[in-house]
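Letters are used for the chains, namely A, B and C, taken in the order the chains are written, and counting of residues starts over at 1 for each.
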Amino acid sequence: MTHNARIEIATRSSRVFLVFAFAAIIAAVFLPAFVSRGIIKDMFAILTLLALAQCWNLLAGYGGLVSVGQQAFVGLGAYTLFAVVGLYGFDPLLSILMGGVVALLFAIPFAFFLFRLDGAYFAIGSWVLAEVARLSVAQWKAVGGGTGTSLPRDTVRSMPGTDWVRALFDVSGSAARDIILYWIALILAVALMTAIYVLMRRRIGLGLTAVKDNAEAARSVGINASAIKWMTYLISAFGAGMVGALIFLQTARISPGAAFSVTDWTAFVIFVVVIGGIGTLEGPILGVIVFFVLQNFLADFGSWYLVALGAAGIVVMIFAPQGLWGLLRDRLGLTLFPLRRRVIFTSERTDL
Amino acid sequence: MIGIDTIIQGVLLGGLYALFASGLSLIFGIMRLVNLAHGDLIVFAGYLILVGVSVFGLNPFLSALIAAPLMFGVGWVLQLAVLNRVLGHNILPPLLVTFGLSVILQNLLLETFSADSQRIPVGVLETASVDIGVTSLGLLPLLTFGSAIAVILILNWIFYRTALGRAFRAVSDDPTTASLMGIKPNRIFALATGLALVIVTIAALYLGMRANFDPTTGPARLLYAFEAVIIGGLGNLWGTLIGGMIIGVSQTVGAALNPEWQILAGHVAFLIVLLIRPRGLMPKQ
Amino acid sequence: MILQTQDLTASYGDFRALFGVNISLEPGQIVSIIGANGAGKTTLMRSISGVLQNAPEQVVFKGKPIGDLPASNIMQRGIAMVPEGRRLFPSLSVEENLLVGADRRKGSGPWNLHSVYALFPILSEFRSRPATALSGGQQQMIAIGRALMSNPEVLLFDEISLGLAPIVIREIYAAMPKILSQGTGAIIVEQDIAQAMRVASYVYCMIEGKVSLEGAPADLSRSVVHEAYFGAAA
């Protein structure tokens, strides 16, 4: 099976929206002054899920790599944080970055294995590697082996900035910690989206020039395709590693099952992206909102919630593969982030 | 201790994994569809057989015989109603749809049968064994292995000796030209998935008789099946059997060294093969 | 009249490839279609054979509208195609490629494995080889044999001689009387104008999705055909 790559382009400026987005970010920064701790916690969950969704979106939507193994990087990032904070007393906030770096380092050999697997088999291969990571970490007795461990209380308490936030908002220590973690989630989500946005614009710009200048366009895009694969895979691993570290810094308790959960860190993420609209920056935002609304409504129905989510994902994939955002865009003709372009990898099949 | 016994257990376990893998391989071979719900369909079939045994008091084999046509119907309808709509150039839709299906199946089973682990009761067969001098072999593992060989023989016969097999291969090569031969590709795909789910039922029978299963058991079976297929080389069922045996032996040897290493050892064996022989041990052509 | 198209239009997405094409075929007749690359000949063949679907009445076979039927159905009614580029199945042996032509329709007529091997003896020699391992001419023989296996009433040949050596082309045309001996009708798409005029009793010339000229070969002068083939500007 050979792979082709093509690039879809449609640019439209949207300065007005950028102003809006900027205002929204400012508002989000000051949100803790106006809302309860419960809402801040919800926002933390929303932002971390959004960040993971954007990572997976970059991978599958732009890079054509359908991974079912992103939980590997969430878990590796989280365990890195627990190791350096719990065992060596590192600064928790800096350790989030380390979580990302370690995930990135693991992603290099992972990619080496996975890129040997053709198209669809990449998906299961990535799942195998995540399982290997989970089973290996479960052998690591210093961080609690198969049953897991908790962060030492005082390291969590003594997170930098806690006192300052306490004084600023006049809240308890644990509420101050939630606010700090919320801000980090906000920074992560915004930074990831900005990075993806900038990257894709640049990348597409280059790809386009090649296509225009050269009749051997397919070939030059083909060469880019491999670079795009590596880049998207590594970036999404880095992002997922940091998000994983952040999420488990907040819960302060970890186990291999939770840190490497395929449902929490991959299934939910895939449904968010697919339902919202794959290959766009806006889609996952919409998807996360829909996801949390559904979750609140269906909270009492236990597993039925997941059945509904799976069914919604299938229905969207069959009847509206562009997702809810795609439907909205066609209806309203609007584009917030002028990024409607994606590299699509296809398995070659000729038609008569 | 690693003895001849451990190796033989592993080889026989490989028969079970080859059963898991044959259905996956069949579907991929014909329509280039990687079915992420394959493991969950095995578990689903396991519960179907269990219902026959524990609710209707049937013999497990009889219950599987009844479940097989039902599973064929499930596959047929699934293919026509859902999967045929997402086949095509883009690999994303079929992966996401089967992943969604996997999540749905797991949670439906969870709601229906609870998270308790189950086993298909088999009576005396469970402990029956055959003495072959060096060691004694469980009758059930032997039966599993024999069934795997039978399934592969029958599949190869269908593929290379019958009109249906010609249609399978023709559609796999070029669906448009196949339709010029009077073949309806969508029907052939539905038949293939139906057939794959009959094999899934056989796999489920042995899985359920030999080990405990619960609604979350599926994905791990998918991974073993996938590893067996890749190790063997795509499109070669005997290779798949060898692949299954390699996973099986690695697991029993790993478990003999340290019970916690069982599953990990199988995955590591897969990664090593992937490293040295990326196209598998017995690639086609 | 066994086969007829009526104001046939066909499109690929937004791109229209045929603009109201009318052709007809009598039982046992050979009609040939000529035209430059991109004229729409293959699109016409695809529309008749059901690979492309149209409004029902746009294609009529034995008095029944078949324009909207899928290819599998049309083949079973007795129209077989030898597609452009031959399109053999690489995973099938020579013999299996022939057999697959008859698996869904045997038809009534002389054609079976035995008679196809008698027609092209070289094929029986290579019967268990992969079909795509043979030479271009031999592959064309397989494609023709595969279409014959269903004993069709109408045979469609798209670019029957494209890419073949002259001697092979002669061999294949030499077999044509036998191929069509049972009163089988044929539509032959052919690049070689002289060959097309020689073999057919009626010729259509296409240009840009329309029929630009038609008639019995004897009634068509060289210059008229030339003009219809390349367009008035040439």
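Here is the rule we use: a residue touches a chain if its C-beta (ideal position, glycine included) is under 8 Å from a C-beta of that chain, and two chains touch if they have at least 3 such contacts.
Remember, it's a predicted structure, so these values are computed and weren't measured experimentally.
Trainee: Which chain is the middle one, judged by CA centres?
Mentor: B
Trainee: Which pair, B-C or A-B, has more C-beta contacts?
Mentor: More contacting C-beta pairs are found at A-B.
Trainee: How many Å are there between the centre of subunit A and the centre of subunit C, using C-alpha atoms for each centre?
Mentor: Those two chain centres are 54 Å apart.
Trainee: Could you put a whole-Å number on the gap between the CA centroids of subunit B and subunit C?
Mentor: From the centre of subunit B to the centre of subunit C is 44 Å.
Trainee: So what's the Cα centroid distance for subunit A and subunit B, whole Å?
Mentor: 32
Trainee: Hunt down the residues of subunit A that sit against at least two other chains at once, touch-wise.
Mentor: Answer for subunit A, listing residues that touch two or more other chains: 352.
Trainee: On subunit C, where are the residues touching two or more other chains?
Mentor: Residues 51, 83, 87.
Trainee: Indicate the residues of subunit B shared as contacts by at least two other chains.
Mentor: 174, 176-177, 180
Trainee: Taking the touch rule as given, give the residues of subunit B at its contact with subunit A in the complex, in rising order.
Mentor: My answer: residues 28, 32-34, 36, 82, 85-86, 88-97, 99-104, 106-108, 110-111, 174, 176-177, 180, 219-220, 222-223, 226-227, 230, 260-261, 263-264, 267-268, 270-271, 274-275, 278.
Trainee: Provide the residue numbers of subunit A that touch subunit B in the complex, in ascending order.
Mentor: Per the touch definition, subunit A meets subunit B at residues 1, 60, 64, 66, 68, 113, 116-117, 119-121, 123-125, 127-128, 131-132, 135-136, 138-139, 146, 262-263, 267, 270-271, 274, 278, 302-304, 306-307, 309-311, 313-314, 317-318, 321, 344-347, 349-352.
Trainee: Over in the complex, which subunit C residues touch subunit B? Could you list them?
Mentor: 49-51, 70-72, 75-76, 80-81, 83, 87, 89-92, 96, 99-101, 103-105, 146, 150
Trainee: In the complex, go through subunit B and note every residue touching subunit C.
Mentor: Spelled out, the residues of subunit B in touch with subunit C are 163, 166-167, 169-170, 172-174, 176-184.
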